[in-house]
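Following this line, the structures themselves.
Both complexes below contain chain A, partnered by chain B and then by chain C.
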Partner chain A sequence: MSLETLRIAPGFESYMPKEYVDLVERGPYGRDVKVSELGTFKEVLEEHPMCAGCAMTLFIRVALIGLPCPEHTVILGTAGCGRLALSQASIPFIYGNYGDTNGVASGLKRGLEIRFPNQTKDVVVMAGDGGLSDIGFSCVMHSWFRKEKFTTVMLDNEVYGNTGGQESGMTNKGMVLKMAPFGKKFEKMDMIGLAKTAGVAYIARLAPTNPTRIANVIRKAVLIAREVGPTYVQAYTSCNIEYAIPTPKVMDDARAVEKDRYGFMEIISDEAKAYLERIEQEKKSKAKAVAGT
Partner chain B sequence: MKGSLLSMATATVSPRYQVLPGPEGLLPPSACAMGVELPQDGEGLVEGVIVSEDKAFKAAARALLTRRNPTLFPGPLVVWGWNKHTEEKASMVLEIAAEIPGVKIIPMPDYRPIYPKIDPEAVINPCHPNLTIWHNKIEACIFVGVHCHFANVTLKMVRAGTNCYTIALCAEAGHEDAMASVPRCGTEKLHKMVEALRQVKKEGLTPWALTADGKRELAAEREQKKKQREAIAASAPQFAHELVAGLDENEE
Partner chain C sequence: MAEGLQTEVKTNPQGDVITATEAPKAKEKENKAAKQRVVTPEYLFFEAPRTKTFITGSEAAKEAIRRANVDIAISYPITPQSETMQQVGYLYAEGYLKDYYRGEEEYGVMSAVAGASRAGVRALTATAGPGLMRGMEVITSWPGGRMPLLLLVVCRVINAPLAIQPDNVELSYLLNSGVIVFHAENQQDFYDFPLKAYMISEKCEVTLPVAVAVDGFFVTHARGWVELPPDDIKLPPRECYHEAVPMMDNENPPARLSRDAPIQKSNFISYQMHASWQQEIWAAQDRARPWIKKYMGGLIEVVNPGAETMIVASGSAVSQSREAVRQAGEKGDTIGLVKIRSLRPFPTQELIEACRHAKRIIVPEFNCVGWMAKEVRSALFGQTKAEIVPGPRVFGGMSMPTELILEYLYKTPNEARMTTKPLTV
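Up next is the complex of A and B:
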């Protein structure tokens, strides 16, 4: 949908569920919303079927607030927990086959550029560590090598949480899981290093401990992907079920993991940095011009 | 090849498989797989048989006026103001509704799965349309403005699990899995639906909502909803003030 079509047909206003009326009247479309404004606007994701205390849901919810232009964004996901929430957000969602998300996103982004030459459409892949680093590894790497202009967000819960606790490439060495009873035998994959090698324009690693930071990182990643090249965000989003983290302790775990091995890290290319500075300047002069009139 | 085409044509003229209100049980076969063909422009489909468009409209009108809790399920192509054409269609859908006493309008605004639960009085979802139909005891409905792939899934699920008479007013080729369907439904054909409803009423048919049973049921429903609203109002949490300031700033 776009802003022109995000309006209720005349006569149907009273029949539309409140949720949808709120989305039209108080949604985040066509304006910048901040995390600090949570509670004053209708979010694109509210109800979801994820487990109680799921850090991934918190991350997704805040990440969606960070999208610079949700009405012109398409999200791709794949099998795994994340898609249960993503498919319920009021943003177009494509359920890729396991492994092909970044291949589909490449074609989609190129297609959208041809179909909508005058309207930037953002494409964001949001999938788990299994979907991106194991089964989708080839498509992820090749989309980076080809410099495809979209954002890849890894929801790294370090396990196949949706299927009962198998180890993934992103699981830590030695980790014992329900379906990995002898412990994982090799190191966690260095996807950040691989992204660096592939020349990804913006790379970020973070834990869901700071909502504003999540939204900022996603915003930067999507903006840079529009103009400069591929971007990659790797977020620690623990699986409290498979890692047996008590629900009230999920954020304690996130803070501890962040301190121990998942600290905030940003790698940004010179071109991307210059681009961000340019749009910041443009935004400031626009605001000045509006204030002056 | 010629022989097989001939046998398919025979199947629709004298159907081996009838598309009737269910419940037909889990996973009914698609009507298409059972040899039911789609109608051409100017034709309609009633219970798996190709008939004239007028006959199809009349059958739909009869079902809507005689069965319990007639309901319109307008899809995204109707409820959202995409363009002038869809707005015209939306207004025609409201005209159809105006001709059916006791009608409900429950929209299908999009196709997102809605979990953990839907409000079946407010919305119908293609992932579990039966919930809305069961809850509201709907026995006749129109799907209009629903994209084909979701209409197909929805119609099959409704036929599988409910006794609802489904009518698909389709802008494209029509739907075999509906009990009545008319293809290429633009505003002109939707107007024919309005006319058919008027005609059937003129012929002396008493709409369900105006029968003694219908009046009793609708009155009981109104009473129950009133009680629910009062109970919700009485138990709603009271906020000290409006939530307008948002949460605390959490800047880096």
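Up next is the complex of A and C:
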């Protein structure tokens, strides 16, 4: 929410729940917060109904810290585990129909640009591998080809977790899951390659092993989407339930998968690179000016 | 096309001039649109002087959208709707809309207009037959999201074997979606209804999407007389903060529709929540009635009230019925006609009142299943002793000759079917 509407009306301070007061007084709104400052500010997502040891939850929690302007961000999701956490964050969240995220985000972003020509509103899709590469595939691809200015984040747990463990297009070949009783018959879909073909301005692949990196990637993706074009982040967020990963070993699995086939990778267009350099430069000269006064 | 080749002016099989190579010229993009002034809906609907023009249904829709102050339109081609959204594209090129694009397919398009509506802007799309079916998952979620927007439905065949011909069976699928549904009879209605639909859709106590349906080809591709107010006036813009649910714009706390875990879980709170939300959609439909009366002159129109034989119809079946009524009048018989403008909310009370004196009611329709006859029968159940005849019905692209309606007026359906005279279809 924009800061004006978040603020507590005078006289109501003592009646508001502690959680809310903390969010207003110590939240990440209107300022930059870093992952290294975790514990010193109120996060937008704390309570959630996700499974113990869920890597996706860790990723979402850290990703939300990376949002450059949470008070002007709308997140969209679709059916899947991710939305159970996202809907609990204090950031407006649209839970639409099955696989509609990138269609809705296209209309939403354009509508917000019409209504708020002087205030950037960031739109971020955060949905699962099934939601984006299977049922939402057409909407995802076309939003990229149309160069819609929003970020798509795939929470890739390589399975339909929320419906009880069915094979998805992002599942690895050979994996035996529900609806793939003899093992998956075809390769994991190459969404990174498809994003490249569609001319996505910034593409990143990562595992949730480095929290600072997660926040940085999200920040870059959202900033580039504002000015340059669509951005895509694909994150390995294992399902320790359906893949039977021992809960204390979830991060070991993430590190192993990262090393094996999910290494950190960034593909950034020249225009996006120039844009990032420009805003970094502006930030530095601004800081210098402040230091000088 | 290869570079350097000169284009040639061609026409397509329908006789339209091909415009694929024609980009809007900067000169034409002059400021006619910017010079439009906002007037009250009452002035635009009832007071502004009108000029008679002879235009197609698609052109009538274009003239409505020109004056509707629409922010964004999202299109996707399908016969016979394409013409309508193409025309809206020209309006965009002339500066009447702020944004417009051709979407990926109907599911994506219906999703995108939902996003635009949630952003707080006035949104438009249109589809036909199979496109409506493809978008239906999204369309049925609009009322639950309480999204004001306008969908134009240009009816055509949906079933296999594939055909592109007029037939309005698709409306039967739309009737229980929670979307408000109006059915335009002719070109004039297809100008008037979209404008009125926006105003009704955005009323606080309504806050629902509206579909304006029209029978494809018969209305969209044929010319008729349309009375138009001047084109330098338009409706007031959408005032999204006056509606029943907050926008997803980060300027106010968002609607909690998808936020609370209990709503997505299996427990009594979730059942209660979903049930009351659904009831509220249909209550909002009821609250649209006074506005339909105010802006559209009522949910129904009655010709020859009190007649013993009544025809009840919607859409272009009304036009054919008007002619049948006229022909019967020439023979000295007074036949009544009820035109149903609003299919949802359905004019149950109005229909009971209009059919109070009837001994025989016939329901001509352009579809195989007879959805209107079922609506009429259930509305009048226990309220009339009249014989309700479900027909005549034509479908798959057939036109409805007035002779067919007259046969149903004067004979029972079986007699009509067993007549030795061949039916002129």
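Everything below uses one rule, namely that the second predicted complex is superposed on the first by the 291 of 293 C-alpha atoms of A that agree within 3 Å, B and C clash if a C-alpha of one lies under 4 Å from a C-alpha of the other, contacts with A are read in each partner's own complex, and residues count from 1 in each chain.
Operating definition for what follows: contacts are C-beta pairs under 8 Å (C-beta built on N, C-alpha and C of every residue); 3 or more make two chains touch, one makes a residue touch a chain.
All figures in this text were calculated on a predicted structure; none of them were measured in a lab.
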item	value
Partner chain in contact with A:Q88 - chain B first, chain C second, else both or neither	both
Touching partner for A:R255 - first (chain B), second (chain C), both, neither	neither
Touched partner set for A:N97, first chain B, second chain C, both or neither	second
Touched partner set for A:P10, first chain B, second chain C, both or neither	first
Touching partner for A:K273 - first (chain B), second (chain C), both, neither	neither
Partner chain in contact with A:Y20 - chain B first, chain C second, else both or neither	first
First (chain B), second (chain C), both or neither touched by A:P211	first
Touching partner for A:L38 - first (chain B), second (chain C), both, neither	first
Common interface positions of chain A, toward chain B and toward chain C	1, 5, 49, 84, 87-88, 93
Chain C-touching residues of chain A, taken from the complex the two chains share	1-2, 4-5, 49, 71-74, 83-84, 87-88, 92-98, 100, 102-116, 121, 138-139, 141-142, 146
Sites on chain B touched by chain A in the complex	74, 78-83, 86-87, 90-91, 94, 105-107, 109-110, 112-116, 119, 122-123, 243-252
Chain A-facing residues of chain C, complex	71-72, 74, 98-99, 101, 103-105, 107-121, 123, 137-138, 141, 248-254, 257-261, 264
List of chain A residues in touch with chain B within their complex	1, 5-12, 15-18, 20, 35-40, 47-49, 84, 87-90, 93, 210-213, 216
